[in-house]
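Following this line, the structures themselves.
Look at the two complexes coming up: chain A is in both, with chain B in one and chain C in the other.
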Partner chain A sequence: MGGLKEVLLEAMANETAFTIPIFGGIGISQSVVVSWLIMAVLMAVTLLLTHKLKVRDPGKVQIALECAVNFLNNFAHNNIGKHWRPFAPYLGTVALYIGFSNIIAIFGLTPPTKDVSVTAALAAMSLCVIYGAQFRYRGLVGGMKEFASPVWILAPINLMEVAVRPLALCMRLFGNILGAFIIMELIKYLMPVGVPAVASIYFDLFDGLIQMAVFVFLTAIFTGEGIKEEE
Partner chain B sequence: MLEFHPVTIVLTIVNLLILYAFFRKFLFGRVNAVMEQRKAMIEKDLSEAEAENDRARQLQAEYEAKLSGADQEAAQIMADAKARAERAYEGRMAQAQADADLLTAEARARIRSEREAMLRGAKQEVAALAILAASKVAQRSMDDNDDRALVDSFLAEVGELR
Partner chain C sequence: MELGIIAAGLAVLTGIGAGIGIGIATGKASEAIARQPEASGKINSTLLIGCALAEGTAIFGFVTALIIIFMG
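After this line comes the complex of A and B, so read on.
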């Protein structure tokens, strides 16, 4: 069973892809490299799809694109309220990045979201968006007061949430993707033929997309909670 | 497994910011702009169509007003023409009536005068015959005035008897 142990350890480890030999060596992890790859592909596809949009008589691809953007806008509007506009692009960016990161294992790459540092960065960004929006749209005093809502006695819990929310976002995403990745590695080790393809549909595709939706949805809801009633 | 690498965290945040800026400009910005443009275009088309409709309706009302005016005018003209024709007809009829009356009266007068002349002639003839007959009876001529007066009175008697 030595091989199995090795597989498990390898699945859990975050490899360093290469090291930049300055400041005593900056290790660039594999997750960052895969992220760059994902970003490059997303950017290239974006430029390809949006370089000639037409106001009149859009093509099928453009209609699909518009439907998706429209869906995103509606989603942001429903969950965030009237100040949804600046948040929709961020939510869409995070959705695309996490979505592709989660399902990249299908193409044989290591999902960046299996690295807790990446999910921590995503959660930190969500933290900034959620509480940044709260103070941006309510002012310093209003933002502070929001912590004492709906009643002042809940203030400790609300303050605790500042830490709990990003931690939960970070660990949920990381745990799900790492778990799915480990299970897939085990299946591949034990039954290399046939079963991985079927299991991959659930563990990589379905679970990955669900976790993406959960992350984006929670970020949107928390952001909306902070600024919604202000009308 | 649960090690936080500051480099990875920072790089991921930078990655996200770059990706966000890129998508904001080239994906969501462009698509939203196109959708806004289409919305504006449709709204413009709609308002234009509405304006056009209003104009058409206004024109229609104008034409209808004009048409009804024309109808009234036509009716007026017809009524005038009818009245004029009636007047002319009546005048013509009165003229004809008068002509006919005149003719009838003339004819009647002529007939009466002719009849009187005929009667007078017949009377004279009868008187002459009576005188001839009487002179034949009396075996003498009765052409003097006394006899004629006698015959005339006789004839008058006979006329009264009849």
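After this line comes the complex of A and C, so read on.
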């Protein structure tokens, strides 16, 4: 039982990878290092895939890319409405980052989204997008009025949602990834051969991708709710 | 510590609600798709959102249990 507890504690902890020796030492945690790695890989892949785009006679890679971008644009258009254009790149970037960080446990690295600070930052960004868009497209007064819709009596609940939405986004992503990570660690501890490979398909791949879709979907829907025109 | 373990177990019981809720939602969604297969795209996305929100309660319970065990 003691060994089990140690495994759990180890899974919970956010290790410090190294320390920058200025200002009395700034600790750089594991999640930041893995994030940098993901960013580097994404950047390299992006440059590699987009450096030879052609208008005439596009290659297979370009057609696949165009399909993906088209899918993203349609998704943003369906959920956000008329002013979808500035949000599509943001949603796609967040989707790529969260997707890669969730499934990186397959390669034996710790997922950055296991760290509550990372998910809190992502949720804070979503908060800025949701309410920034509301005030940007409705103006100061219109944005305020949006809090009192559909009837003024719901205003306290709408104001409460300002805090509840990011908290729920943050905790949902963090809890799911941490839960999956802990379960995977337990399985690895109890049965090191064979079973982890099968369980990894569900807990790392499927759960991670579902959570990525949920995070992006909820951000898009909340944004759309604030700025959608009545048709 | 024993009391803490019991409290954590109680916190994780929130999973019951999420399980029942997601089960009902999925059942209704499959009924809806059977009735109107052409609307399956919209039904799927609504189901995904509903499941995510319902699952949130279970996740909150789980996070609370972890906090009780490791910090309480």
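We adopt the following convention: the second predicted complex is superposed on the first by the 229 of 231 C-alpha atoms of A that agree within 3 Å, B and C clash if a C-alpha of one lies under 4 Å from a C-alpha of the other, contacts with A are read in each partner's own complex, and residues count from 1 in each chain.
By definition in this document, a residue touches a chain if its C-beta (ideal position, glycine included) is under 8 Å from a C-beta of that chain, and two chains touch if they have at least 3 such contacts.
Just so we're clear, the structure is a prediction, and the values are computed from it rather than from any experiment.
Visitor: Which partner does A:Met39 reach: the first (chain B), the second (chain C), both, or neither?
Guide: first
Visitor: Should A:Met12 be classified as contacting the first partner (chain B), the second (chain C), both, or neither?
Guide: Touch partners of A:Met12: chain B and chain C.
Visitor: Determine, under the contact definition given at the top, whether A:Ser29 touches first (chain B), second (chain C), both, or neither.
Guide: The first partner, chain B, only.
Visitor: Could you tell me if A:Lys54 is touching chain B, chain C, both of them or neither one (first, second, both, neither)?
Guide: first
Visitor: Touching A:Tyr97, do we find chain B (first), chain C (second), both, or neither?
Guide: first
Visitor: Could you look at A:Leu178 and tell me whether it touches chain B, chain C, both or neither (first, second, both, neither)?
Guide: A:Leu178 contacts both chain B and chain C.
Visitor: Tell me which of chain B and chain C touches more residues of chain A.
Guide: Of chain B and chain C, B contacts more residues of chain A.
Visitor: Taking the superposition as given, does A:Leu218 touch the first partner, chain B, the second, chain C, both, or neither?
Guide: After superposing on A, A:Leu218 lies in contact with chain C but is clear of chain B.
Visitor: With both complexes superposed on chain A, which partner does A:Ser117 reach: first (chain B), second (chain C), both or neither?
Guide: Only chain B; A:Ser117 stays clear of chain C.
Visitor: Enumerate the residues of chain A that count as touching chain B in its complex and touching chain C in the other.
Guide: In the superposed arrangement, which is not itself an observed complex, chain A uses residues 12, 178 for both chain B and chain C.
Visitor: Which chain A residues qualify as touching chain C in the complex?
Guide: It is residues 9, 12, 168, 171-172, 174-176, 178-179, 213-214, 217-218, 221 of chain A that touch chain C.
Visitor: In their complex, what parts of chain B are in touch with chain A?
Guide: 1-5, 7-13, 15-16, 18-20, 22-24, 26-32, 34-35, 37-38, 41
Visitor: What does chain A use to touch chain B in their complex?
Guide: 12-14, 26-29, 31-32, 35-36, 39, 42-43, 46-47, 50, 53-56, 58, 62, 65-66, 69-70, 72-73, 88-90, 92-94, 96-97, 112, 115-118, 120-122, 124-125, 178
Visitor: Using the touch rule from the top, collect the residues of chain C that touch chain A in their complex.
Guide: Answer in residue numbers: 45, 48-49, 52-53, 55-56, 59-60, 62-63, 66, 70.
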